[in-house]
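By letter and in written order, the chains are A, B, C, D and E; residue numbering begins at 1 in each of them.
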Amino acid sequence: MMSACAVQFKRELSIARRRGSEWINPLLFQSLVIVLFPLGISPRPDLLATIAPGLLWVTALLAMLLSLDALFRGDFADGSLEQMLLSSQPLAALCLAKTFAHWLLTGLPLALLAPVLGLLLSLPVTGIATLVTALLLGSVTFSLLGAIGAALTVSLPRGGVLLSLLILPFYIPVLIFGAGAVTAAISGGSVAAPLALLGAMLALALASAPFAIASALRISVNG
Amino acid sequence: MMSACAVQFKRELSIARRRGSEWINPLLFQSLVIVLFPLGISPRPDLLATIAPGLLWVTALLAMLLSLDALFRGDFADGSLEQMLLSSQPLAALCLAKTFAHWLLTGLPLALLAPVLGLLLSLPVTGIATLVTALLLGSVTFSLLGAIGAALTVSLPRGGVLLSLLILPFYIPVLIFGAGAVTAAISGGSVAAPLALLGAMLALALASAPFAIASALRISVNG
Amino acid sequence: MWKFIHKLGSPKWCYQLCGRLQPWFWIAATTLLVVGAVWSLAFSPPDYQMGDSYRIIYVHVPAAILAQSVFVAMTLASVVFLVWKIKLADMAASVMAPFGAAMTFLGLFSGALWGIPTWGTWWTWDARLTSMLIQLFIYIGIIALRGAFANTGQGAKAVAVLTLVGVVNIPIIKYSVYWWNTLHQPATFTLTERPAMPASMWVPLLIMVLGFYCFFIALTLYRLRSEILKRESRTRWVQEFMM
Amino acid sequence: MEDLDLVVEDGEILRIEGPNGSGKTSLLKILTGQLSPTSGQLEWHGRSLTKALRDYLETLLFIGHAPGVTASLTAKENLGWSAALADIRVDDDAVEHALANVGLYGFEDVTAGQLSAGQQRRIALARLELIPRPLWILDEPFTALDRAGVGWLQERILAHRAAGGAIVLTTHHEFALDERVRTVQLGVVHGCA
Amino acid sequence: MEDLDLVVEDGEILRIEGPNGSGKTSLLKILTGQLSPTSGQLEWHGRSLTKALRDYLETLLFIGHAPGVTASLTAKENLGWSAALADIRVDDDAVEHALANVGLYGFEDVTAGQLSAGQQRRIALARLELIPRPLWILDEPFTALDRAGVGWLQERILAHRAAGGAIVLTTHHEFALDERVRTVQLGVVHGCA
């Protein structure tokens, strides 16, 4: 089983490698949307600094959400998903490997890019470390929860917007505590509590999401 | 030719009807993303009112962008697009019919919903009329430009994020003048100039986008 | 017991059972709601702090409680559907969802109205209010997901999975007032303590809550019957019944 | 692909044969003007294809690997749309008749997504009944069809030739037609690194 | 679907036949445990299929309408992944050998998306060479194959039976096998409103 998961994981990475610089797209998306805000709202630095933690979180969330729609779509169309379902390997473990690869290619780069974007938005430096930690924890939860939505909508011709609808409500708690942690760090408050909560949500998602993903996939493929 | 376009247009509406309440999804998406902001940033009404025009525009833009990805995807996968290409009818006209149906099902509802969301964000009532007019004009441009991107990415397995990247830069002028018009209306400035510019952009897009869409489709389908 | 569950799974039998139970719940709902409404509006005393505006509580609290109870009922139905593959459970879940969404909306709306005189704002991003808003979105997501599937059976299973995932929000709504110190007050009714309000206030409230429950059950039975007819329209018993 | 010199005339069936990967689909794409050949040129009625493309397309009916049938539309709606693309006016009767001819009587108002692989294919083939065009280009038309369907399609092709039409097709199927079918054999493929 | 009582034993080929839309694909989905039958039950080695599903899947090799070949992976990578799913260890040689057997020598490192329909199908069929499983369930395995491919696959199926394996397949192809192939005929379809 471990070896099957490892192969599955490597397969995702090879697919991503073949498709070239795809991992960079969510980063560009986030940067572009962040650029839209000063353009659409106002370029006043104090205003930007106020909205920076929330803006960074919301855009990171949207970037992940957008990339999630494709998580199972290709495998569904070419029949690979059917083969995974009919494998004697535990489907939940395979899904976990897939989801982890997804996080590695989107969540991790987004978390690492955040300091740069934060500085662009004149986010005080005291918040940077917390921002990265919180994003690292939160983005794994985003990947796991999002994969459930992707699995539920994979057989539908236009999943994109519906996926967002299903999954955004579940992202809200992560967003609140994630942005809360950053705000707390800037204002000198305690960051331990929100970070611990983010960790707890991650643990919960890690323990239950793979099974939800697996059963959602079974439903989507077999009706 | 007119009758082929009419049939194409009716076909899109029938597909949408079969898929039920799908037209409502962009609206829900926009509402959800707007809810994310007070959660992630700060619920202070004065702050919200400041960012309201920009926020409404950016979220409407994103909602349209997300729904655009699916514009040609289904037709590409099942071979309908190939049939359209091989038809003796002008492809640009067929594309225009498709795009117009898309706007009717996303842009129009988004423009009509905007006043409600504006009030939620405590946007001053003096801005509402301009908001709706500007969105009506701007969203057609969004549909037309977005369709070019959708056509270019239709053959790629994971178009979503890439599409955003291609198209967002072209959306920026519309966004600036659209949000600018609303801000001007609130602060008592002149709204005629930005609205006229939005109209000009719309006219330009209407005159040239159909041909760009058609040739992008030819490239995508035949490689 | 097993026989009973099995019998309950038979649409025809259930259709008849619903038909027999339905009038009683309608009667109970009407009586309770009328008594509760008259008592609470006309006879219970005004609050010493909030004056008459507190009377919104008689709509707000039942709606808020129902919003959560309906979801719990949908979760149970989903479990039954997924484990025992009883289609009836899914039909029940499908007719409950719009009602739950309506109750959530009513709870939010009445709370917002009530917030204007008491908190001075109709909305704050407080934990309970937010989790309630999330609940509304979850309901909408569930309804949208069901609508998105052309194949009823597939949509039913997908919705059941989403319902099971969504139920995590219920304890969050319930305990948000304890976990975070917020504007919103904690529970009036608990199993262990007597309510802090005077009896003349909480008794009519209790009646209203029961009335809402009976209304919910009656409406669900009614809509379940038409859902059964719709989904079973190809079976012989329905066709005979329709003639 | 090696040198190839093809002429297709009215009242003729041209069958393109060759092992997997020998370029049959690519050749058909060239013949429909979708791909341009790396070398060589195409003519139609003496005019270069790129110039006469519009007129050429008006004589052409193409059914490819993907049938061009929309899953969320009914069989009838699918055909109505195909007719509109071909710029011909059809009434409900004509569409129903075409569907009945391909064995889909009773399935007119079922959405195509609910039909089996072969039934979806039959919706695409109903175009042959509905849309009168002199030149048919068919890529693996027998795919997914059952024996009755194959028989029907073979007859349909012969009838079209008899009526003066031209057909270009690829198929791996044993093809029970007479000796008047011209066959072009494409070369064997060699692996490349 | 009407009453059906099937027993598949080792060393046997069961062919499911029937017109388009008669439920062959659906039946195979039931046999692989993907769909549950509306009525009736499945047993495997005397145990109910739902209970023994995991063990059952370990004996099964399924190739469906969609070949399960990822366009952006090479032929080799695709097969390596299939082997991992089946929990068997294979080295490069074995994979290359299997690919050569299905006529893809030289295409090992080409991404599948660049291959023709039939070549992609062959990648899927290379699983039959690579992954030793007693029970094969194949839905229209001859689709898109050229004549040589069809010949190879027929021989491969006979060899598998000779080695004691069982095969369930659907095909509209004329099937040049001996009289020991059992055939199940599914009913005709009737249109529904």
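Throughout what follows, a contact is a pair of C-beta atoms (placed from the backbone, for glycine too) under 8 Å apart; a residue touches a chain by one contact, two chains touch by 3 or more.
No experiment lies behind these values; they were computed from the predicted model shown.
Engineer: What's the overlap between the neighbours of chain C and those of chain E?
Structural biologist: A chain counts here if it touches both chain C and chain E, which gives A, D.
Engineer: Can you name the chains that touch chain C as well as chain D?
Structural biologist: B
Engineer: Taking each chain's centre as the mean of its Cα atoms, which chain lies farthest from chain E?
Structural biologist: C
Engineer: By mean C-alpha coordinates, which chain is most distant from chain D?
Structural biologist: Chain centre farthest from chain D's centre: C.
Engineer: Looking at every pair of chains, which two share the most C-beta contact pairs?
Structural biologist: A-B
Engineer: Just curious, how far off is chain D from chain A if you go by their C-alpha centres, in Å?
Structural biologist: 45
Engineer: Averaging over Cα atoms per chain, report the distance between chain B and chain C in Å.
Structural biologist: Here chain B and chain C have centroids separated by 37 Å.
Engineer: Residue numbers in chain B touching 2 or more other chains?
Structural biologist: 18-19, 22, 25, 28, 32, 35, 39, 74, 77, 157
Engineer: Of all residues in chain C, which are in touch with two or more distinct other chains?
Structural biologist: Touching at least two other chains: 130, 137, 140, 144, 148, 150-151.
Engineer: By residue number and range, which residues of chain E touch two or more other chains?
Structural biologist: 65, 71-72
Engineer: Please list each pair of chains that are touching.
Structural biologist: A-B, A-C, A-E, B-C, B-D, C-D, D-E
Engineer: Where on chain E is chain D touching in the complex?
Structural biologist: Contacts found on chain E: 18-23, 25, 65, 103-110, 115-119, 121-122, 140, 143-150, 172, 174, 190-193.
Engineer: If we count contacts the way the header does, which residues on chain C are in touch with chain A in the complex?
Structural biologist: So the residues of chain C in touch with chain A come to 82, 130, 134, 137-138, 140-141, 144-145, 148-149, 151, 153-154, 157-158, 161-162, 164-166, 168-169, 172.
Engineer: Can you list the chain A residues touching chain E in their complex?
Structural biologist: Going by the criterion above, the answer is residues 1, 3-4, 6-8, 11, 14-15, 18-19, 74-75, 77-80, 82-89, 94, 221-223.
Engineer: State the interface residues of chain C toward chain D in the complex, per the touch definition above.
Structural biologist: Contacts found on chain C: 150-151.
Engineer: Show me the residue ranges of chain A that touch chain B in the complex, using the header's touch definition.
Structural biologist: So the residues of chain A touching chain B come out as 19, 22, 25-26, 28-29, 32-33, 36-37, 39-42, 47, 50-51, 53-55, 57-58, 61-63, 66-67, 69-70, 73-74, 77, 157-158, 160-162, 164-165, 168-169, 172, 175-176, 179.
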